[in-house]
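Each chain carries a letter (A, B, C and D) given by its place in the written order, and its residues are counted from 1.
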Amino acid sequence: MVLLLQYTLLFASVLILVALGGCFSEHSGVINLGLEGIMVMGALGGALTLKYINSSLPSLLIVLAVLVVSIVCGVVYSMLLAFACINFKADQTLVGTALNLLAAAAATVIAKTINIAEDPNNVSSTVQYVAAKKALVVNIGKFQFNWFMLVAFIALVCAYVVLYKTRFGLRLMACGEHPQAADSVGINVYKMRWAGVLISGMLAGVGGIVYITAGVSEWKFENGVAGFGFLALAVMIFGQWKPINIGLAALLFGFFRALSNVYSGFDFLAALNIPGSVYNMMPYIISLIVLAFTSANSRAPKAEGIPYDKGSR
Amino acid sequence: MEETKVADNSEYAIEMLGITKRFPGIIANDNVTIQLKKGEIHALLGENGAGKSTLMSVLFGLYQAEEGVIKKDGKEVQINNPNDANDLGIGMVHQHFKLVQCFSVLDNIILGVETVKNGLLQKDVARKKITELSEKYGLKVDPDAKIEDITVGMQQRTEILKMLYRDNEILIFDEPTAVLTPAEIDELMQIMKNLAKEGKSILFISHKLAEIMSVADRCSVLRRGKYIGTVNISETNQEELSRMMIGRDVQLVATKEDKTPGNVILHVENMTVPSKLHHNNAVKNVSFDVREGEIVCIAGIDGNGQTELVYGLSGLENITSGKIELSGKDITHASIRERSTSGMSHIPEDRHKHGLVLDYSLAYNLVLQRYFEPEFSSKAGFLKKGEIKKYADKLIEQYDIRSSQGADTISRSMSGGNQQKAIIAREIDKDPNLLIAVQPTRGLDVGAIEYIHRQLIARRDEGHAVLLVSLELEEVMSISDRILVMYEGELVGEFDPKTTTPEELGLYMAGAKRKEVGA
Amino acid sequence: GSKAPANDGATAGASSEAKADGDDATEATADFKVAMVTDYGDITDQSFNQSTYEACQTFCNENKIDFTYYKPEGDSTAERVAMIDKAVADGYNVVVMPGYAFAEAITETAETYPEVKFVALDVSEFDLEGETSDFNNETYPNVFSAVYQEELPGYMAGYAAVKMGFTKLGFLGGMAVPAVIRYGYGFVQGADAAAKETGASVELNYAYGNQFYGDADITAAMDTWYQGGTEVVFACGGGIFTSAAEAAAKVDGKVIGVDVDQAATIDGQYGKGITVTSAMKGLKATVNTLLSAIRDGQWDDYAGKISNLGIVSGEDTSLNYVGLPEDTTVWNDTFTKDDYLKLVADLASGAIKVSNDSEAEKPSADNVKINFQGNIK
Amino acid sequence: MSAQVNKTMAEKESILAKPAVQSIIASLLCIVVGLFIGYIALLLINAEGATEAIITIIKNYFTYPSKAAALKYCGNTLVKAAPLLMCALSIQFCYQAGLFNIGAAGQYVAGAGASLFCALKLGMPWYLCLVAALIAGGLFGVAVGFLKAYLNVNEVISGIMLNWIGLYTVNMILSSVKESASPYTVSLEKTNAAAVLPSLGLQKLFSNNKYVTIAIPLAVIIAILIKVVLSMTVFGYEIKATGIAKDAAKYSGMKEKRNIILTLFIGGALAGIGAAFLFLTGYEQWSVTQSSVPGMGFNGIAATFLGGLDPIGTIFASYFIQHITSGGSYLDKNVYPSQISDFISAIIIYLCGFVLFFKFFLNSRIKNKKNNAEGGNK
């Protein structure tokens, strides 16, 4: 039970962070299909920080350092998307896909190059961070609390406030809905879209490091993040581009993901003797069914996916 | 301090002197000069594509002119973006509203000039100011309503409030009346006069000469990017204005012969159509006929179910109950395609959304209703491109559709007027028994309107049925043979244009009076 | 399988210069170049690719022999053949291939390149010859293949675990490939035998991770096991031990390593004493032996043979290709080093028989309650 | 004389102004710049062998010294390019209808599952297996289309979900035809030789590469067919109209829901056939333990865009992408990670994003020149 809760929260944290990232990007009008790639780059930055940081430092410091580096990596990488899609009006789905492929390849190449530089015999793309990773968690009884759960929660609250209560949020959403309108009242659409994409880079970058530290103390970058970025997109759409709904959707998805791993701990589930594949399919089937019932009224930001051109009307 | 002194010296609020603006391949404004006096309503008149919107966009900072200077209160200014314009007190209601559909009225008004405290929006402060403004100028709005839920008129009021909220002194209205109902137009005219009285200077673009005559103090005319001249309204008339604008005489009122209607072509019985947006019926239990050789007009204020009525007739929306017959054939449950092939043509209300595949060539768009016919496609399912081209060239010639590359022009790049001509050519050349035309002249200049009216009347004269849906009373009165007034989804009156007056129609349109109508 | 060919064929073909001098062994030494082709995984899979790679590299560095490795574009015979062709084209004449998946690639290339020496690991005669196999432990004249009896170290580990007093065990396989299956089947048999001896009621969770690396999903499953009472998990497959160790460390659970003595690796990272033992097989030793033999002109002793490598000696365990690490295993009163040595002796003498059915993806036992969970992912 | 010059200049410009020519130039530019960036990456990792490495990638099968081997491996590259082309066409076809078919990966999986199941379990001949793949892929497409048309489910999301569902389902189904001692499905050639796609003597052209089958010419023919369908038929007219202007399509009486579903059926079928084109050659066996969706479908996105969203261009783009991917496996792995060729193709795809801008830039330059020239004449 505790485990189910723990892993539900852990998976949900990843999904919340990344889905919120997608949410900011799309509210600014840019579809970010490259979340998966950004996650990988954020994860790489965070993992390398964990690897090199002095693990005897106070854990708060370690958590902060990891956060900062993941954010920087995610943000820098997402600039590739912003640059191509905002300034050069590139097809957003294409660039997003390219970023996913690129991140997987680049992260592996970078990790390998670093490893080889350290030890010519180590051509692996694995980054280990056993010692420093311990700083990320606190055991509360049987429950293993992860600081990133708190980060995700804070991100959720902040996202809500920023989108609905601040000037920035209002302007950002205007750019995703009707950029011409935003432009006509003196809002710099390009700037706002850059902001949206960079925020998505920041959140997805953090999501990446949370994902790879959620269960293990080393990561092999050839494996990427195994489709979590796409799952987060589903969460975002399921959550109707609204932070609170995204939070709930992430919990639902996280729950089923966790259940598929820990079901053997529940006697009645174990007794059902359902093949493992079915549990594995469950999160996808459930989300498909739920989407089928909820999508009729779903409304994406109107201008998302359409490059903004000052000249056109 | 010094600025105000200079300002006091100048007679003009804004002067645009020798403005030239080029787009690739076209000079949209060629050395244009207009001067806006303080406290006046200055009309700007010109054909479609004459360069009015462009000129206003230059003033509002959306475009930068290649040549020419802009002076505010006699002092030269640089306007590089809407922020500069706003700082100079220039505001604009755009031809196509620039409102965020899913935002509230309030959010739209404050967008760009939000009041914040500690980074958080202070909406209450804004709400107070908006309420004050709307009371002062008689602009009724609900600040918390979403734009997508309110009428076009309300949206326009929101746009005006946007300018007032920014304390703008110079107000630009780009074709504000094209989308309004007669009552709303009257209201707007009144508001504009009030604003002018308050000392605001107004630039007003319209194709409707009557409006200009009734509200403007002076009028400047553009033709093909060139400045033609400025006249005082008190010293001119509609004929002179249209001559200035087009360069020839225009027949402003359509003339037609009397004709006795023949057999019933369209028979509608107790039709009810649901509304997409709201959870009720937009058209309630409506019955009427349209006969050969008559133009029946559905009049009414926008949003009273006309759109849904046409959707129901054309099959774009399934009707909940009732019966539709076309030339005696029951088409109640027929598909859109079946209706079309059974002799129904439909000039849609929204030409960009429904009327055209904007990224297709003109030729492809001209066969949009007929591409599947043996004339244009082989049995194996191949398009006969040669035939399509030939047919397109014929229509382009016959209906005088102007475009840069003939049949190969991408429709998106054509002017609104010519896009509309293409649709009309396509729908009329199908030789339909019934032609449904929804606001076919919206946003077009008088030359184009004259042309379209002639086409509709020609259909009628050839003995076919025409159902016209229009919001413009003038149009309704001048070309219809029979008028049906629609109010809140019901037909509330039937009139003969020869024996009724716009005033009487207005009463029915506003729901003040009603009588039984039936087929 | 066919009989190994005459001496000269194997060595002479390696280089045209060497031909003249015929069987001069030292001359031939300078002329061989070693290439390894990886299986589906990379050489960093913390499993057989990596062990093989490291063994080759160490040997070649020490002997100043050209060595490189090739990684096929994808997971198919065609692509493995492409790399073998490339290696030969690049002048490599000893090709080392870890993994049963190479069987078909060997069938396709062995006869094409009679002068090249193929060293295969884990490729069984059945893999090579299919249903028609005569099981005479012979194969193409220029191929040597070593197949390990993984069921033996698996058996030892299972036996040891129960004897040590653990009653709630877990088996976490990587992917269900033959070697992993054999380890697992042996593990079950060993536990079963020990349970029978001690009379303890033993439970065993059995699952495959479906990948050779750990991640949050697998750690979650391992947490479920450990927190549900599992005391020791045999983490059998590449880097998958990371998930088991991660979960074990939280509740003071134990782990059994695989392939090599993983005590240092796992304990070093996750805490002292987590690894109770490792089920080892001598991949590195085999590679070393074979390459040395080639260097020393003794390839003919191996050419054309398929060796089932397991227990060679009941007395001197250092000669065996499989076993438990004697230095790092956490011996206790109920299972001492001597108990282990006796077990080896019994296995060697045939007193204990272990079945090696690599089709036993879902094993069963009499005295152990197996809770089979299939693929976790 | 000056008229002469003017004429050739005008001709040159008009060639440059042709969209097809621009697409080709743009794609080539992407490739060149992509390779250059890849080269820089190689230089950073190890400057010494970088030049040789980049040449190796470009040479691909030409790195084999013998012509026979080179031909054989040219065959291998083609064998893998064929399914890639099919996936690319799948994505492209749907893209024309305004649908982003990221589910091609799952439709590919479905096609693989169906064709292998029919071949190995049911012992069907190759043409029936091909049909089965077509139907299975098509049905996965239809699922996406149905959800989109009737329930407004975003096709990207349902596609992604179905990719995973497809993977697990196919793993389960194919478990019944896997080798007893490995996670791979049994050998196609040995189990049911009749299910192997016929070669019609093609393999002779490629040093008897047994994987070279009619799949390769078929894929090219299908690409041409798609081109014809899209640009010359009523169906293509409707599909594209539905894609760019859904409401206008509905207005003109096209059945836009039917078109969406039909489009995705065809898209799915193309991807499904693509899988059959690979798995029915025996080139690859399905591993029933794979836990990630094969990348073929995603790589198709790349090929489509590099091909300038044109079926004919996509033929060449698919080949090229496969060419450098295969080339990457010949790199010296002791020095360079093999992922460097993935890196290069990813960069090239990224650069494809700038194609639109490039064309715009080119066109406005041409226009400006024209204007200037006209101005000068006056």
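We take it that a contact is a pair of C-beta atoms (placed from the backbone, for glycine too) under 8 Å apart; a residue touches a chain by one contact, two chains touch by 3 or more.
Since we're looking at a predicted model, the values are computed, not measured.
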Best-connected chain pair, where connection means C-beta pairs in contact: A-D
Separation of chain A from chain B, taking each centre as the mean of its C-alpha atoms, in whole Å: 45
Interchain centroid distance [CA atoms averaged], chain C/chain D, Å: 39
CA centroid of chain A to CA centroid of chain D, Å: 28
Sequence positions of chain B contacting 2 or more other chains: none
Contacts with 2+ other chains: residues of chain A: 123, 125, 222, 226, 275, 277, 280
Residue list for chain D, restricted to those that touch at least two other chains: 291, 333-334
Set of all touching chain pairs, with the criterion as stated earlier: A-B, A-C, A-D, B-D, C-D
Chain D residues within the chain A interface of the complex: 41, 44-45, 100, 102, 147, 151-154, 156-158, 160-162, 164-165, 168-169, 171-172, 291-293, 298-299, 301-302, 305, 333-334, 337, 339-340, 342-343, 345-347, 349-350, 352-354, 356-357
In the complex with chain C, residue positions of chain D that touch it: 63-66, 69, 72-73, 76, 79, 180-184, 187, 190, 211, 283-285, 287, 289, 291, 325-326, 328-330, 332-334, 338
Touching residues (chain side chain A, partner chain D) in the complex: 33, 80, 84-85, 88-91, 93-95, 97-102, 104-106, 108-109, 112-113, 123, 125, 222, 226-227, 230-231, 233-234, 237, 275, 277, 280-281, 284-285, 287-288, 291-293, 295-298, 300
Residues of chain C defined as touching chain A within the complex: 42-44, 50, 54, 57, 205, 207, 211, 213-221, 223-225, 227-228, 239, 242-243, 246, 250, 269-270, 371, 373-377
Residue numbers on chain A that touch chain C, as the complex places them: 2-3, 6-7, 10-11, 121-126, 128, 130, 139, 142, 144, 211-212, 214-218, 220, 222-223, 226, 257-258, 260-262, 264-265, 270, 275-277, 280
